[in-house]
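Common to both upcoming complexes is subunit A, partnered first by subunit B, then by subunit C.
What follows is the complex of A and B.
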């Protein structure tokens, strides 16, 4: 009894976030005993915008820019799932050239997202140089998106029935440039960060998520693969033209921060492999099927899912009336929510200093978390 | 004790003005160097090449509003940063910058410098407590435990120069240092350097102010000029720590040429600072328990070994060391 009293008097609880440089807009209610974490309560919802609900009051095409706002950093992939779901619902055929262009844009967006995450993660451990260098590398992608679609961050390249603009030789050259550049840069990043003994000490064996736990919390993407399960749906149920390419996303069994970091760096290499195979093979033809501006779909439902840089994103669209111009119900399933839930579990028992390292390694996007 | 030009020495060099401008331009060169490593440009608009940027920053801090939490103990919160700054000043008064350039010189200056340094952790803890915020408190605890734990190897490794030079006076240690003690006893130099980094809270030991965990550690709730004082204190401690390293292990003002002592001292200091800047740019930070373990299991045994090595050297070459 007295022991309990002493223990409870040494507990301190405070709110870690939402106004905190280490958390984006979400908060963790922490109870700590000295440096040990006793209890974590995650509070989210600070950036809830009701994206799915907004999409229900707009026509199918008007909802495109909203879908991109799920998370700005991997914008092409977010649209990819939505356009696939709408095409399934309305029965629209997409030309093969458009599928190739979509895959190329999606892989570029994935690389952009992964390298940005890598820089941010390095900065959370304290390596500010890696952050600056990685975000300088990101400029290459943004410039290419500028040439591709006219905007750098919210790319808006995909549209229902294809892509909005055709590809050209200049873009091919720029993409090859990016591939060559990133191959060199990845070596530098690995040398600076992954070979650093302090970084190894901070990440190896910390924040371990076992295979069972990963499946229990519905992990997807790199986080699942770091725990020893091949969950990349580009391989398991290939959408678009992913079955035309040969690539093997890495699987590791450790399940710790280190494995998650390695998997993500390897994912950049995987994307480069896909780009190398896709670029010479872009077929001739139309880049877009003509679709009426006020697209009408019959009653029914459709579900499409895509592999994001951080996990699987699913889009469910339902219409109840024939020839409806707006969806009756849109449901978005994002990866960040299921990844973020686990912080209440794995943070307990770790040190306070491990919080940014562990939750950073899960690659949670708060915008995707709340939507 | 040499009292010629004592006023100039206290007020200008190596006293108040030198340290104040030293801090300002240390900040400037740190920002520029780190910007280069990051692939940025750094400050460039205020003054030629941004040379007046840090002065402008200081002016801004002077005129900023003071904002404190309701729970803060105001007197302690106002006074501690200034006390910290003044305290950080004191070790610099006994550092011999040149043969004639020092403020004070007496027989136990080494002990004086370390006695002053030993008081720093209590002030960081006091500041963390008086801020009335939990982040500051945790930062204060971290700072205090880190600094207290690294004081032991710091002091133990500082014994090596005293043993080898047969003196507790920084001036005598410099004069008796014909070969750098860094070369004679690299273990002690290594331990001193690492412990000094921990005392200065610089990367990879910036745990008390780890931004991604603790906002800004024990300095979180400071605002306006009080924040400025604490930053100045940090840089003064940095100048003091690296100056002590130069005196104890890199031969102080010794160097070729007559009357060039100050220049040599500054060059050696600049070399140390460049290393510190580069470390800040590329190293991640340790975790609290990791550095505590490192201190007890690695640094303290190593510093004891270094003392043994020094005594061994003394017995092996008695003529070389007694001859001085």
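What follows is the complex of A and C.
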């Protein structure tokens, strides 16, 4: 009885974040017993911008830049889902050249997102050199986006009916340069981080998410594949022209931080595979269909999904009147919203020092978490 | 199991299920709100051969019809199929049974819907302030009656 009393008095509650360097703008309300975590309550909403509500008062095309803001780091893929949903709703055909250009831009964006995550994650485990190196690599992608669309981070490359700018030889050369460069760099990253014994100790067998738990918490993307389920919709339900390429996203069964890191590094290689096949085959033709600025869609609903670097992103768009110029309701299904919920479960029983490692391995983007 | 067989399985086993449409690999089925728990249990227990996740839960406000719609989406991964269940909630009874004890993923989705639309989820353990700031809390900003103060200039 006394023991219990002592035990309960040793419990301390405090807020971990949002100013903590290991968190993004969200906080965890922790109850700890010494170093051991007893209870976690996630507190999110620090960057809630009401994107879905904002989209309701804009035309379909005006809503494009907001959709990119669900998370800046994989901006092309975020727009990809939205334009697909609008095209489905309004019945717009996209030329094949545009589809190829979309896939190329989306894969570059995915690689950009994954390498940035990798750098950040290495920093969270204490390998700061890898962080600097990975974010140096990211510059290559940003420069390419600068040439492609004029802006480096919020690319705004996709538009309804196609892409905004045509491709050219300079971009092809830059992309090949990136592929050659990244192939070498990935070897260095693997040597520096994945062979590091501290990294191995902190990630192997830590933060294990079983297959059942991953499904229960609606995991998608690399997190689901790390727990043993092939859930990459690029091969399961190919959208755009993904069915033209041969690639195999990796599946592992461990479900720990290590597996999630390996899967993400492999995803960069998968993206390079797709780029190598897509670049020589870009068909001739139009790069966009002419779509009126005041695009009108009939009453209906459409749900389109894309594979983000983090998981499945879905956009549901509803219109209630014929010839509507604005969406009546937009629902943005972000993968991070489902992924982050698990921290209330898997962090319990671990140590304080493991929080950034486990949380980081889920690749949660707060902007896509709050929307 | 393909999309047609999956649809048939739901229509045969859920009493109030009405087929609405099939778009590509997506099935839209309308059910009474009393049945949502039956559906969630049915999906959890009857499909052992497939991995499935609860992809999303969300609502749409229809002030003209005095009702709200709720959509529950399940993804059957190996069937390559999505099933959307539509539930209608009249304005004078904005209540539905929570399915978070069957599907943990529903917890946050329901909490978000509660906060943004004011729909009550019976049996949900943790309905409290979540995404909204203090000034907006309780105003259900995703309802159509809530107007954004600074609208962008509308396209003429």
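To be clear about the criterion, the second predicted complex is superposed on the first by the 371 of 371 C-alpha atoms of A that agree within 3 Å, B and C clash if a C-alpha of one lies under 4 Å from a C-alpha of the other, contacts with A are read in each partner's own complex, and residues count from 1 in each chain.
Please note the rule applied: a residue touches a chain if its C-beta (ideal position, glycine included) is under 8 Å from a C-beta of that chain, and two chains touch if they have at least 3 such contacts.
Computed from a predicted model, the values in this text were never measured in an experiment.
Superposition of the two complexes onto subunit A shows subunit B and subunit C fitting side by side, with no clash. Looking at the superposition, the partner that touches the larger set of subunit A residues, subunit B or subunit C, turns out to be C.
In the superposition on chain A, A:142 makes contact with neither subunit B nor subunit C.
Using CA centres, the angle subtended at subunit A by subunit B and subunit C is 130 degrees, rounded to a multiple of 10. By the document's definition of touching, of the two partners only subunit B reaches A:356; subunit C does not.
In the superposed model, A:125 lies in contact with subunit B only, and not with subunit C. Contact with subunit C, but none with subunit B, is seen for A:218 once the two complexes are overlaid on the shared chain.
Shared-chain residue A:153: touches no atom of subunit B or subunit C. Of the two partner chains, subunit C is the only one that A:338 touches; subunit B does not reach it. Taking every C-alpha of subunit B against every C-alpha of subunit C after the fit on chain A, the minimum distance is 24 Å. Shared interface residues of subunit A (contacting subunit B in one complex, subunit C in the other): none. Of all residues in subunit A, those touching subunit C in their complex are 44-45, 48, 50, 52-54, 57-59, 62, 88, 211, 215-220, 229-231, 236-237, 293-294, 302-303, 312, 314, 316, 318, 320, 325, 328-329, 331, 333, 337-338, 341, 345, 370. By the touch criterion given at the top, residues 23, 25-26, 51-56, 58, 60-62, 71, 73, 75, 77, 80, 82, 84, 103-105, 107-109, 112, 130-133, 141-142, 146, 148, 151-152, 154-155 of subunit C touch subunit A in their complex. Taken in their complex, subunit A has these residues touching subunit B: 12, 14, 20-22, 35, 122-129, 132-133, 136, 192, 196, 198-199, 201-202, 351-356, 360. On the side of subunit B, the complex with subunit A involves touching residues 34, 37-40, 134-135, 138, 203-204, 206-207, 210-213, 215, 280-290.
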